[in-house]
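Order of writing sets the labels: A, B, C, D and E. Residues in every chain begin at 1.
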Amino acid sequence: MDLTSFAGPFLPEIVLLAGVLLVYLLDVLKLRSNELVGSIAVAATGFALLFVVADLGFTPFALLRTLPASSVDPTFSGGYPLYAFTSLGLVFQAIFLLATCLVSLASLSRPREERGAPIFYGLLLLATLGMLLVAVAADLIFLLLAIEVTSLATYLLVGYTRRDSRSLEAAMKMYIIGALSTTLSFFGASLLYGAYGTTNLYAIRAIGILNTGAGAGSYPVLVLLGYGFLIVGLAFKATLVPFHAWAVDVYDGAPTDVTAFLAGGSKKMGLFAFFLVLLAPILFVRTVASGSPFTTTQVALGPVLQITLAVLAVLTMTVGNVLALLQKEMKRMLAYSSISQAGYMLIGITVGTAPALAGATLQIFAHVFMKGGAFLLVAGVSAWGIGPLIDDWKGLGTRRPLAGVAFALMLLSMAGVPLTVGFVSKFVLFSAAVQAQGYFVWLAIAGLLNSALSVFYYARVLRVMFFEQAAPNPLPAGTVVGGSEPPILPAGGFGYGRAAAIGLVVIVIVAVGVYPQMVLGAVQSAAQHFVNFGA
Amino acid sequence: MLPLLSITIATLLAGTVATFLSGARARWVALGVSVLFILEVALLFLSFSGWPGYNGALVPGFSESESYAWIHLSWMQVNYSVGVDGISLALILLTAVLNLATVVYSWAESKRPAAYFGLVLLTGLGCFGVFVALDILLFFLFWEAVLVPMFFLIGYWGGPRRRYAALKFFVYTHVASIVMLVGLLAIVFYSGATSFDFSSVYASARNLAAVPQTFLFLALFFGFGVKFPIVPFHTWLPDAHVEAPTGGSVLLAGLLLKLGAYGLIRWAVEILPSGFHNAQPVLFFIAFLSIIWGSVLSLSQRDLKRLVAYSSINHMGIVLLAIALDSSLGLIAAVLLMFAHGIVSGLLFMSSGSVHHTFGTRDIASVGGITPRTPALSTMIMAGSLASLGLPALISFPAEFTALLATWNGLQYWVFIPLGILVVTAAFYLWMMQRLLFGPAKGIPAAAHDIPWYEGAGMGILVAFTVLFGILPGLLVNLIVSSPIKGWPGT
Amino acid sequence: MTDLPIVGFVGLSAALLAVGLFGILTRRNFILLLIAIEIAMNAAILNFVYFAAYAGGTPGLTGQSIAVVLVGFGATEVAVGLAIVLALNRLKGTINVARATELKL
Amino acid sequence: MIYEEIAFVLLALVAIATGVLALLVRELVHTILWVAVFFVDLAALYFLLDAPFLGVLQLGVYAGAVTVLLLFGIMVTRKRIFSQEARIGIGAIPFGLAVVTFIFVVAAIGEFPQSSTTIYTYDPTALSQNLFNVNGPWLLLLGLIMLVAVGGAIYLVREGRE
Amino acid sequence: MTAFVVVGLAGTRLKRLEWGGWVAVGFAGAALIVGVLVAAGAMLDPGRYTNVQYTWFQLPPSPGTFPNGFELVVGTLVDPISALMLLVVTVVGFLVMLYSIEYMHHDRGLPRYYAELSLFLAAMTGLVISNNLFEFFLFWELVGLCSYFLIGFYYEKPSASSAAKEAFLVTRVGDVMFLLGIFLYFYNYRFAGPAGSGGWAANGFVFVNGSQPFLAGTMGGNSTLLTVAGIMILGGAAGKSAQFPLHVWLPDAMEGPTTVSALIHAATMVAAGVYLLAVTSLFLGFTATDQLLIVAIGGITTFFAATMAVVHPDIKRVIAYSTISQLGYMVLAVGAGFAMVGLFHLFTHAFFKALLFLSAGAVIHAVGTQDLFKMGGLRKTMKITATAFAIGGLALAGIPPFAGFWSKDDILGSVYAQLGAHPAYWPFFILAVAGVFLTAYYIFRAWFLAFSGDRPRDPTLPHAHDPTWRMTVPLVTLSALAVGAGFLIFWPNFQGLLLNGAGVAGIPPTYGTTDLLLSAMSVLLGGAGIALAWYLWGNGKVFVLPESSAVQPVRKLLLNRYYMKAGYDWIGAKGVYSIARAADFFDQFVIDGTVHGFERMFAAFSDRLRRIQSGVVSDYAAYVVGGLIAVFVLLLFVAPYLVAKVGGG
C-alpha cells in the first residue's frame, strides 16, 4: 500500500490529526490558553472543511482538491476497499466539520477560569476525525471502529470537566450504554459476517444484487438478527427511542458546548451510519428471504427493514415530542426535541429513495445549525447567570433582543416555520415521503403531526422569553432595590467567538431557508449518486 | 410590464422592516406603507388584464403573472410564481383596506408601537402573499407567515388570557396547515404534476381518479377549514378574538378567515373537481352546522367580541355553503361574502375595541344606554350590526342575497336553514344593540367620552366601503366574474 | 483438519451474550459492568473466529483479523471505562452506578 | 472427531459457568479470578478452532492485561480488597430479557448443519498478511482509538493540578 | 322617479339643523306634489306603465346554471297600483311631517326623527315604485329598518327598544319567508317570460317589460312550488302587515311616537304587506290553495284583532288592533282575487286610520296619557279633535257615506260574490262580517271613553285644548279625505284605474254593484256596534264587567292577547336562549373540553412517560435490551407478516 496514495485523499483527516498533535504538543509546552488552542482547532476544521468542499466539486476551491473527481463515487468490480469516497459522504464530512467548527468557534469564548482547553479541543478534533472516517467507510468493521474513535472521544469529552459530578455521571452513563451498544453492533456484524462471509458493505450490496444465494438467501434469520443488532447498536448514537434514555441525561449533564457537539455532530454520524449500513439491504437485497423460522411466507428483506425502521421513526418522533412537552429544563427540553428530530431524519433512510435521503441530509444539515446553535446559545446564556429552567429565561427576549431573536429563530426553525432552513428540510423530507407513496405518506403525516405537536413546547419557550416578565432577582440581603427588578445581566454579550458562531447559525438558518437551491442541489445530486453508487 | 406584485411584496417587506426599526415614528411609517400599499393595489386594478375577454396572461386567467425558479430538483420544481385573478384581486383590495384601517385605528398604540405596527404590516404581507401565490410552496410559506405575527400580536398585546389564546391559535392553525401541506404535496406527487406551480397542478390533478381526489380534497378541506373556522374546529377563534388586541382581531377576522376560504377555492375546489363533487355532502353538513352553531352561540354571549367572533363562524359558514354549491353564482356569493364579512367584522371588532377602551369592559350586560354619551361610537356599532345582519344598501346584503339565491338554486328547501338563521342573526345583534346602545344608561364611567378621531377614522374607512359596495356591488362582481372559474366562459 | 459442531458455537456465543447482557442489567458495581460487557464482547469475537473457520459459509481470514483488532479494542475500551470510573469514584466515593442519579426525569 | 467435540462441550460449559460465576460471586477478588479463568478458557477454544495466534493474543491481552487492569480498578476503588458486594437479586426482568435474547439468537442455529463439520485452518503468516496489508486501515483505526483513550484517560484520572 | 330617493336621502343629510323639520316637510311637500302629479297622470291615463331601470350587477351567460346570464336590476315602475300607493304615501307622509312639527317639537331627538322619517318616506316610495321583486325586497328591508329606528325612537325607554327589537324580529321572520318566496318564484320563472328575454334570471326579477307585464300568461309551472311560493309571500306579507300569527309586534310598536304610528304602522308600511300580496296576485298569481289560505288568514285576523281591541284600555293600542283587523280585510280581499279592492280599502284606510292616530295623538299630546279610563269629556275642550276622531271612527265602522263604507262594502260584496264558487270562504266571510260589528263597537267605545262625559276620570290630567294649526290642518285634511276618498269610486277614471290595475289577471270586482242587502246588513251591524258602545260607555258611563261574569276569563284572554305574545316570548327567551346556553356549554365544555382533554391526556402521558427517565443507568440498559428484543419481534414476526399481507412498501 503506497503511503502517498493512501494519505492523499485523507488530507482533511490528516489536517485534523496534525491539529490534535499540535494541541497536545502545546499542552506539553504548558501553552494552554483557550484562545490559542481553540484557534488551532478552528483553523484545522476550517482547512479541512475547505478541502472537503473542494472535493465536493465546488469550483472556487478547485485548487484545494485532494481527490480526483474520478475517485468520488467510483464503480467497483470485485475487490472492495475498506473506504470509498462518496459525494454524500463528503457532504456529511462537510456537515461534521461545520458542526465542529461552530462548536470550537463558540468555545473560543469559554470562560477563562475553565480548565482543560487542550484536552477539550484535542478530543473534539479526534472525535471529528472519527466522524470523517465514518463518512468514507465502506466496510462494516471500518465503520464501527471509526464510530468507536468518536464514541470514546465523546465519552471523555462529556466527562472532561472532571470535578463536575454531573458531567462525570453523564460520562459514566454514556459509557455504559455506549459500550453495550458497541458490543451489540459488533455482535451483529459478526452475524452478518457469518451470513455473508464478508463485512464489506458494497460486497453485501453486490451479493444482494447478484442474488448469489449467500447471505439473506441462505441465512435469513442470521441476516435479520444481524441487522437487528446493528440497528440497535447504531440507534444508540442516533438516539432513537427506546435507546435514547442516556441522551437526555448526557445532554443535560455534559458541558453545554459538548452537548452542542453531541447533538450537532456525533449523533449525525450515527444517522449516516444508518444510511451506510441499511441502504444496501433496503434497496438492493432483492433476495426473497423467509421472514422468520416461525413463518413460512417468503418476503423481501427490504420492506421488512423499512417497516421496522418506520416503527422506530414514529416512536422516536412521538416519544421525543411528548416528553419534551412537560420538560421544565431548557437543556433537557432541547435534548428531547433533538431525539424527536432524529425520528424525522430516520424517515430518510426508511423511505430509502434519493429524494428522501436528500431530505434527511438537509434535515441533518439544518439540525446542526438549529440544535447546535441552540445549545451554544444556551451555554452562552447560562454564562450570564440564567438558570437551567425554561422559566429562568423569562423576559430574555425583551432584555437581550439579539439573543432572544436568534434563539427564537432557531426554535422556529426547529418547529419548521417557513423561511427557515428547518422548514425547507422538513418540506423536502416529507415531500419525498409523499413522493414515495404507499405507506410512506403515513410516515409523512406522522412526522408532520409530530412537528405540530412540537410547536407546543417551542411556542412555550417563545412565550416565556417574549411575553413574560423576568422574575424578581433574589436580592442580596440589605440591598435596597425597587420592587421587581430583573436580574442584572452582565455587560457585553457572548464573547466574540460565540457571537460569531451564533451569527453564522442565524445567517445559515435564514439564508438557506430563503434560497435553499444551492445546498439542496448539492445534497440532492449527492444522494442520487449515493443510491446508485457502486451498483 | 412592471413586476407589480413583486414590487408590492417588496414594499410591504421593506415597510415592515422599516417599521420595526423606526421606533416612535413607527405609526407614520406604517401609515405611509399602508397608503403605498393601497396605491399599488389601485395600480394593480388599473393594469388588471383578466377582465372578460382578455386571455394574454401567462397562466390563463391570471393577470400580472411572474415566475422565477426557486428550488429545482429532479423531482421537485418549485418556483416563485405569483399572479392575480379577479377573486384574489378582490381579496387583495380587502387586505389593503383593512391594513390601512387597522393602522389608522391603532394610531395611539403605545406599547412597543414599532413592533406592533411592524407585525400588522407583516400580517398584511402574509395575506397579500397568500392571495397572489401561484406555487404550492410559496402559498404555504405565506400561509404560515401569517401565523407568526398574529401569534405575537395576540400573545404580547392581548388581553388577560392572551398566552393561552395565542398558543391555542398557533397550535390549531398549525396542525391544520400541516394536513393541508400533506394534501397539497400528495396532489403534486400522486398526480404526477411536473412542478409545484398552480398551472401544472391544475392541469394534472384533475386527471386523478375520483377516490384519491376525494381523500385529498377532504385533507385540504380540513386544512383550510380550521382557518374558516368550521365547527367543530372553531374553538380557537373566540379565544383568539377575545384576547387579541383590536387591530389583531380586525386582521384575524377580516383577513385570516378569508385565507381559508380563498385556499379552498383556489387550491381545492378548482383543482380537484371530482373530489369536490364527492365531498359536497360533507361540506354542506359542516356548513349548515357552522351556520347554526355560530349564530346560536352568538345568542348566549355576553362579551361583545365573543359575540362578533361567533357571528363570524356563522358568516363563514355561509361562505362555505356558497362555495360548496359548486355554481358560479355561489362562488360569486362566496367572494362577495368574504369581502363583506372582512369589512363588516373589522368594523364590529373595532367597535368592540372602542367599547372596551371607553367603558373598560365589553360585557354587554354591565354597560347599557351608551348612545347619548357616545353617539359616534353607537353609530358605528349600529352600522356594523345592521350591515352584518344583512341590511340592504350595506355591503352584506347583495352578498347574502346572492348566496341564498344560489343556495336555493342548488339545494332548494335546505335554504331554510340559512334563511332561518338570518332571524337568529338579527336577534342577537338587535338584542346586543338593545342592551348596549339603548335603554337607561348604566355602568358608564364618569370619564367615558366618545371615540378619538383616529378610531373614528379607522372605522369610517370601513363604513365608507360598507356603503360604497353596498350600493355598487357590481364593481366587485365584475371583478370576480373575470376569474377563470369553471362554468365561466372561456375556461 | 478438525471437525467441530458449528451449531454449538452459535449456541455458546448466544449464551455468552445472554450472560453478558444479564450482567449489564443486574450488576450495580461499575467494574462488574465492565466485566459483563467484556463477556459479551468475547461472544462477538468468538463469533468472528468460528465463522472464519466455518467452511459452510464463505470462509476467510478476515474474521480472524477482525478478532485480533477487537481484542485490542476491548482492552482499550476497558481502559477508558476504568478512567471514568476512577474519576467518578474520586468525586463520589462510590462506583455503584445506581447511586449516580443526579440526572433524571 | 468425538474428542474435539467433548473438548468443545467441556470448554463451553466452563466458559458459561465462569462467566456466570464472575458476575454472581459477592467477593470482588473472586470475580477477577473467575474472569481470568473465563478468558483462558476462551483462549483454549481459539486453540481448538486452530487459531493459535488469536489464542495467544487472548491470553496476553485479556487474561493478562485486562484482568490486571480490572484488579487494579477494584483495588483503587475499594477501601479493603476483600470486601463483599451487597447482595443483589437476579431480577426477573433482566433475567427474562437475557433469556429471550438468547432464544432469538439461538433461533439461527436452524440454518447451520447440525452435525460437526470440518473447519478451516489458516497459516499465521497469511493472517498477518491479511491483517497488515489488506485490512491495514483497521489497525490504523485501532491506533487512533488508543490515541484517544490514552490522552483522555490519562487526563481524566490525573489528579488535576494544572 | 329616483328623485324620491334622492329627496329622502337629502333629508337625512340635514338632520343637524334646527329647522331640519321644516326642510323635511318641504321635501315631503315636494314629494307630495310629484306624487300627486304622478298619481293624477296615472288616473288620467289608466293603463300607462312607466318603466326605467339600471343594472345593479350582472353575470355573463354561463353554460350550466344561467345560459342567458344573470342580472339584478334597480328600476322604477309607475303603474296604476303604484300610483295609488304613491298617493297614499306622499299625502299621509306630508301631513304627518307637518303634524310632527308641533307634536315633536319638545323632543331633543328631532333631527334624528326627521332624518329617519325622511329615510322612511324615501324607502317607502322606492318600495312602491320598484319594478322587480329583488328591489322590492331591498326597500322592504329598509322600511323595516326605519320602522325599527322609529319604534325605538325613545330608546332610553326599555319598553321602546324592546318593542323595536320585537318588531324587527317578527317582521324578519316574515322577511325570510318573503325571501324564500322570491327564490321560489325565481326558480319557477328563471327562464320564463317573453321569447328571447331569457327569463327572470337574465332580467332581474322584473314584473314588467316595456308596457307589458313581464310574466303575463306564465302562470303555471310547478304548482306545488308555486303554492309554497305563495305561502312564503303570504308569510312575508303577514309579517309586515301584522297578520295572524305574526301580528304581535304591531301593538307593541305603539311605543313609538304617535305620528310614527300614524304614518308607518297604520297608513303605509304595514300596508306594504297587502301591497306585496296585491302585486304578487296580479303579476305572479296565486294558486287556489294559496288563495284559500290568504282568505283564511285575512278572515281570522280581522276577527281576532277586533276582539282584542274590544277590551284594551290604551287608546293607541285599540287603534293598532283596529289596524290589524282592517289589514285583515284587505288581505281577505286580495286572497279572494280582488287585489284592487283590497288596495282601494288600503287607500281609504290609510286616510281614516292616519286620521284616527293623529287625533289620538292630539289627545295624548294634550292630556299626556294613553289610558282611556283616565280620559273623558274631552269633547268639550277639543272640538276639532273629537270631530276628527268621530269622522275617522265612522269611516272605520263603515257607515256611509264615509270612505270606509265604500271600500269595506266592496270587499264584503266581492267576497260574497265569490262564495258560490268557493264555499270554503264561508267561515272567513262570516268572521269578516262579525268583524264589522266589533269594529264599530270598539272604536266608539274608545270615542265615548275619551270624549263623552263631563270631565276626565282622572282629575290629575292637565287641561286639554285643541292643538295649533300645524296639527289641525292635517286633521282637517285627513277628515276631508276620510269623508271624500270613498266617492272617488264613482269617478270613472278612478274605477278604470282600479280595474286596469288588475293588468291581465284577476276577477273583475263589483264596484258600485254591491249587493244592497249585504250593504244594509253591514251598515246595520255597524250601527248596532255603535249603539252597543253608546249603551255601555256613552255619556261618561263606565261599564264594568262583573267579576263573577262567565265571560271574565274571555276578557282576561283578550287582554292578554290570547297569550300569544307570552308564548312567543317564552319561545324566544326561554326556548331559544336556553338552547343557546346549552350550546354554549357544549361548545366550551364538550368541544373545547375534548381539545383540552387531548391536551391533558398528552400531558398525563408525557408525565407517565417521563418516569422511565429514572436516572439509573441499568434501567437504560434494560430499555436497550428490551428495545433489541422488540426490534427482533418486529423484524422476525410483525414486519414479515405485514409485508406478506400488503406486499410491502
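Throughout what follows, contacts are C-beta pairs under 8 Å (C-beta built on N, C-alpha and C of every residue); 3 or more make two chains touch, one makes a residue touch a chain.
This is a predicted model, so every value here is computed, not measured.
The chains in contact with subunit D and with subunit E alike are A, C. Chains that count as touching both subunit B and subunit D, per the definition above, are A, E.
Centrality by C-alpha centroid: the chain sitting nearest the overall protein C-alpha mean is B.
Ranked by the number of C-beta pairs in contact, the top chain pair here is C-D. With chains reduced to the mean position of their C-alpha atoms, the one farthest from subunit E is D.
Put simply, the C-alpha centre of subunit A and that of subunit E have 76 angstrom between them.
A straight line joining the Cα centres of subunit A and subunit B is 42 Å long. If you average the CA atoms of subunit A and of subunit C, the two centres end up 26 Å from each other. Each chain gets one centre point, the mean of its Cα atoms, and the points for subunit A and subunit D are 32 Å apart.
Among all residues of subunit A, those that touch two or more other chains are 141, 145, 148, 152, 155-156, 159, 162-163, 172-173, 176, 180, 184, 191, 221, 225, 248-249, 292-293. Multi-chain contact residues, meaning those touching two or more other chains, occur in subunit D at positions 93-94, 97-98, 101, 104-105, 107-108, 135, 138, 141-142, 145, 149, 152-153, 156.
Going by the touch rule set out above, the chain pairs that meet are A-B, A-C, A-D, A-E, B-E, C-D, C-E, D-E.
By the touch criterion given at the top, residues 1-23, 25-32, 34-36, 38-39, 42, 45-46, 49-50, 52-56, 59, 61-62, 64-69, 71-80, 82-87, 89, 95 of subunit C touch subunit D in their complex.
Only residues 172-173, 176-177, 180-181, 184, 221, 224-225, 227-229, 231-232, 235-236, 241-243, 245-246, 248-249, 291-295, 297, 299-300, 302-308, 311-312, 319, 322-323, 325-326, 436, 438-440, 453 of subunit A touch subunit E when the two sit together in their complex.
Interface residues of subunit D facing subunit E in the complex, by the touch rule stated above, are 93-94, 97-98, 100-101, 104, 107. Here subunit D touches subunit A in the complex through residues 104-105, 107-108, 110-111, 133, 135-138, 141-142, 144-145, 147-149, 151-153, 155-156, 160, 162, going by the rule given at the top. By the touch criterion given at the top, residues 141, 145, 148, 152, 155-156, 159, 162-163, 165-166, 168-173, 175-176, 179-180, 182-184, 186-187, 189-191, 193-199, 214, 248-250, 252-253, 332 of subunit A touch subunit C in their complex.
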